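Below, each structure is written out as structure tokens.
Presented sequentially are two complexes of subunit A, the first with subunit B as partner and the second with subunit C.
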Partner chain A sequence: MPELTKKPTEYYFKAVKLNQLDDSLQQEIKLKCGVDVETCMECGKCSGGCSNTHIFDITPRQMIKLIKMGREEPLLSMDSLWTCVSCQLCVDRCPSRIDIPRVMDYLREKACQQGIKPTREQVKLFNELMLGSIMKTGRVEESLLAVKFNLKTGNYFKDADLGRQMFFKGKLKAFGPRVKNLKKIRQIFNDTIQKEG
Partner chain B sequence: MNVAYFPGCSLQGMASEYDKSTRLVCKHLGINLEEIEDWNCCGATAAHSLNHLLSVSLAARNLDLAKKMGLHLVTAPCAGCYGRLKAASYELKNNSEVAEKVSQIIGTSVPIEPEVKNLLQLLVESIGTPAIAEKVVHPLKGLKLAAYYGCLLTRPNQVTQFDDREMPVSMDLLLQALGAETVNWAHKTECCGGGYAASETDIVIDLGGQILESARAAGADAIVVACPMCQTNLDTRQKAIGAKRGIKYHLPIIYFTQLMGLAFGYTPRQLGFKRLLTEPFSLLKAQGLA
Partner chain C sequence: MTEMKTALVIGGGPAGLEAAIKIGQAGHKVILIERTGSLGGTLRKLYSSFPRWENPEDLVNYLAEQIRNSSLITTMTDTTVTAAKKSAQGYQVTLETNGGKSKEIKVGAVIIATGFELFDASAYGEYGYGIFDNIMNSLEFEALLKEWANNKEKISPPKTIAFFKCVGSRDRSKGMPYCSKICCMYTAKQAGLVKELFPQTKCYVFYMDYRAAGREYEEFVRSVIEQKHVRYVRGRPAKVMPEDGRLLIRAEDTLMGLPIEVTADMIVLAAAIIPSQGTREMASLFQTKIDQYGFIDYETNQPLKAGDRVFFAGACGFAVEILGAMEQGAAAAAEVLSLFNQEN
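Let's turn to the complex of A and B:
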């Protein structure tokens, strides 16, 4: 068990006024993701199974509850957006089949669009560098990605020893084959960025 | 049997031994893998984390390319690629609005129909363990293995429609058909930390550590995987996990196709065993397999 860094009471929410419920976020998620959180019966199996619930600031079950209450602001700035491993356990165990990973992705996307500072910037950076590699070459070049990530974060020697071992095992290749029709790949990026904002 | 093959980025980089052993084993079993021409990255964690439509479109282009090659079945050995391709295929079939948008973006007609199966699924469903057992010339006698499926081979079950979501058995049965023994353990489908290898290494040390410890406690000599991310996380972070937990681990993390190849009579050299960081040779030698 990891050590608790906060007092147990700090893991729970402050009281909210229930006469301030607002279903606009719930409706938005139903419309944009096709996920209806109304069917949540609060059994908590999502959080019970969740791989990382022990480090989440807001658990999957609490997340669904906050959506129902229309409380967008804690959801867009929560740490869980950047520690969710997308392991699909929550949706798999949900008796109502609520696609929580899809909602997690939607909230993360929205937080980025609104320019909300992620709690773990290196996670966002890594994903952006990866997308950059796909846009440029159509594929991910793992070793270049790792080098770029270290340069950008200033941790020049992160995993240097591991990198050396992997190099001698022939696991690090700098230039793999690229996609030939790169025009198409760039067009897919442009079109989806336009459509999703 | 002709199948569209999606190797994915890891298999042409860090996990080339998975690619090599997959091609050897499939050829041996009469499966003709046709690499999807000019395939692109499935989008991985990065695309679905930041832009949903992009993630479906990138995966859909690959399915469409397979369709244009006249193939109706796509296989991906990487569980991550499989997860993205399968999720996209599911969404394209069940959400006509997204299917319409995506077909406009990639410039093709709906439906984008090829079926997607992970490599383990293809082998156990299309060839079957009895036929695989018939090909065994060097039974893997004496090996005690932990079959590790990870998150994405079976989840979400509604999408994958493969094996039992919590306690899958297909890889265990396959390894038993090769002559090995498999252990009963609790972490078959737990997550290794996936894409956080570089950006949040502590998550991998934590989750990967639980998996290594569970396999060790169950008495396994090695962990068998079907995903380059699982392999890399459990293999490259094994020392760090050991240091954190105060236990010295020595659990080789081996692709299931490498073990199939070994049982079929190929050499460890042909199957890229020497590329594994946690050396597997003392284990193989002790059982007379190398």
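Let's turn to the complex of A and C:
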């Protein structure tokens, strides 16, 4: 949990002026992600089943509610953005099949575009390294990824023992796998970069 | 032409019984058929009723006695309709008993009152229905309540029971998008009955909204919360896991926004109400209107008319409480009587 920067009263007892809010964020999510948060019944099944909800500052249900209320600022700076592991349990359980992981992705992109500092730098670093690996070989080269990540974060021996065990069981290859049609993978990356800038 | 002034009532639950009684009292012949061996329908499976904690058996006996006392009502149990042919002024219907004997009758009007069944809760892998022990749907729990009440001294009751509402209701992903209407009330009733039998047992009801629109309904639910001390938690449970021989439930308290866990010994799933197999069969035999879920649908401005000379009553049309089913039974009877009267 990140440290509270405001007094609790500022979080809980400050009145939100509903008639000053608009639905532009809700419309944006509908347009860009194809997700209609209006279908949310606020049952909380997403948050109850979420694999990481115990370390979330804002639960998935609250996130949907904040979108409905058009409150972008807490959404882009929330810790949950970086602790969500996209396990898809929320969308699987949702009685309205709201694709919350898709919305999470969109909000992460938006936060990055706006230069908002992630609350967990390492998560962003890991994602960058992982995508870099995919761009290079078409697959995640796990051993190399782990080594690179450890070098960048300074935790040189993190998971080293686990890696050793996996290596001897044949679960880790010294040379990473490659996909056959690497051109196509690169094309996907190029297209996306061109589209999103 | 007296055959054409005979009504066929299909289904011996509260709706069908009331319809048969009223038509009989008005002086017309009724053939009442019931698929199972005894009258009463779902009523027979219930331990108590809301909102007045009445014994459903008393109601079944009251209705069955009126049926027995009427010389105009012919009751046929263990009987189903296997064919129906439309004629100018009614239907030619084939009835078949469990023994395989079939019989053809002519009737002037039909009332379908074939009731409901419960949605199969095993569609929700996360709730573990059919996988873990002590997880049951509400009708199975009703039977258990009867058993508990009969052997109260010998039972060692569960320490904690959790009730999940909206299992298959209000779910356009794996279940039915509609609200099943009566689950809020019978869940409150069941939790209240547990506290009545075993005050030490803790009861948690997980709800999204509680819907208590009816005479004495709101007061009923409040009394269960306030006087019987059933704890209501707002949130739809997301996962059930076995833990040390008990059941661990994970959910969010959506009013606080906090993840919560409850360890229970038993879970009761208020499964959605769906059209029964019999309802689907009768709808197809008599070519009635049906809605997108298979419930018998009504014609514009005629709330109990499903087709030419075919009417319906009770939960074959949509989820309904006991009194509502009886009201519809009486109203469908009025439709039949009015039809017969016009043809004098």
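Quick note on the criterion: the second predicted complex is superposed on the first by the 173 of 197 C-alpha atoms of A that agree within 3 Å, B and C clash if a C-alpha of one lies under 4 Å from a C-alpha of the other, contacts with A are read in each partner's own complex, and residues count from 1 in each chain.
Here, contacts are C-beta pairs under 8 Å (C-beta built on N, C-alpha and C of every residue); 3 or more make two chains touch, one makes a residue touch a chain.
Predicted model only: the values in this text are computed from it and were never measured.
A.B. asks: In the superposed arrangement, does A:R97 touch subunit B (first), subunit C (second), both or neither?
C.D. replies: both
A.B. asks: If we overlay the two complexes on their shared chain A, which of subunit B and subunit C does A:T53 touch? Say first, second, both or neither.
C.D. replies: Only subunit C; A:T53 stays clear of subunit B.
A.B. asks: Regarding the shared-chain residue A:D22, is it in contact with subunit B (first), subunit C (second), both, or neither?
C.D. replies: In the superposed model, A:D22 contacts neither subunit B nor subunit C.
A.B. asks: May I ask you to name which of subunit B and subunit C touches more residues of subunit A?
C.D. replies: If we count touched residues of subunit A for both partners, the winner is B.
A.B. asks: Does subunit B (first) or subunit C (second) touch A:M41, or do both, or does neither?
C.D. replies: After superposition on chain A, A:M41 lies in contact with subunit C alone.
A.B. asks: Figure out whether A:C87 sits in contact with subunit B (first) or subunit C (second), or with both, or with neither.
C.D. replies: A:C87 contacts subunit B only, not subunit C.
A.B. asks: Which of the two partners, first being subunit B and second being subunit C, lies in contact with A:I193: first, second, both, or neither?
C.D. replies: After superposition on chain A, A:I193 lies in contact with subunit B alone.
A.B. asks: Considering only touches as defined above, state whether A:E109 meets subunit B (first), subunit C (second), both or neither.
C.D. replies: Touch status of A:E109: first partner only.
A.B. asks: Looking at subunit A, which of its residues have contacts with both subunit B and subunit C?
C.D. replies: In subunit A, positions 89, 97 sit in both the subunit B and subunit C interfaces.
A.B. asks: Please give the residue numbers of subunit A that touch subunit C in the complex, ascending.
C.D. replies: Those residues of subunit A that touch subunit C are 39, 41-50, 53-54, 59, 61-62, 89, 93-97.
A.B. asks: Touching subunit A in the complex: which residues of subunit C?
C.D. replies: Where subunit C meets subunit A, its residues are 126, 166, 170-175, 208, 234-239, 250-254, 257, 259-260.
A.B. asks: Under the stated contact criterion, what part of subunit B meets subunit A in this complex?
C.D. replies: 9-10, 12-14, 16, 38-41, 43-54, 57-58, 61, 83, 95, 101, 104-107, 151-152, 155-158, 165, 190-191, 193-196, 198-201, 203, 206-207, 236, 274-277
A.B. asks: Going by the contact rule at the top, pick out the subunit A residues touching subunit B in the complex.
C.D. replies: Touch list, subunit A to subunit B: 2, 34, 51-52, 55, 82-83, 85-89, 91-92, 97, 99, 102, 105-106, 108-109, 112, 120, 122-128, 130-131, 134, 138-143, 145-146, 149, 158-159, 162, 165-166, 169-173, 176-177, 179-181, 184-185, 187-189, 191-193, 195-196.
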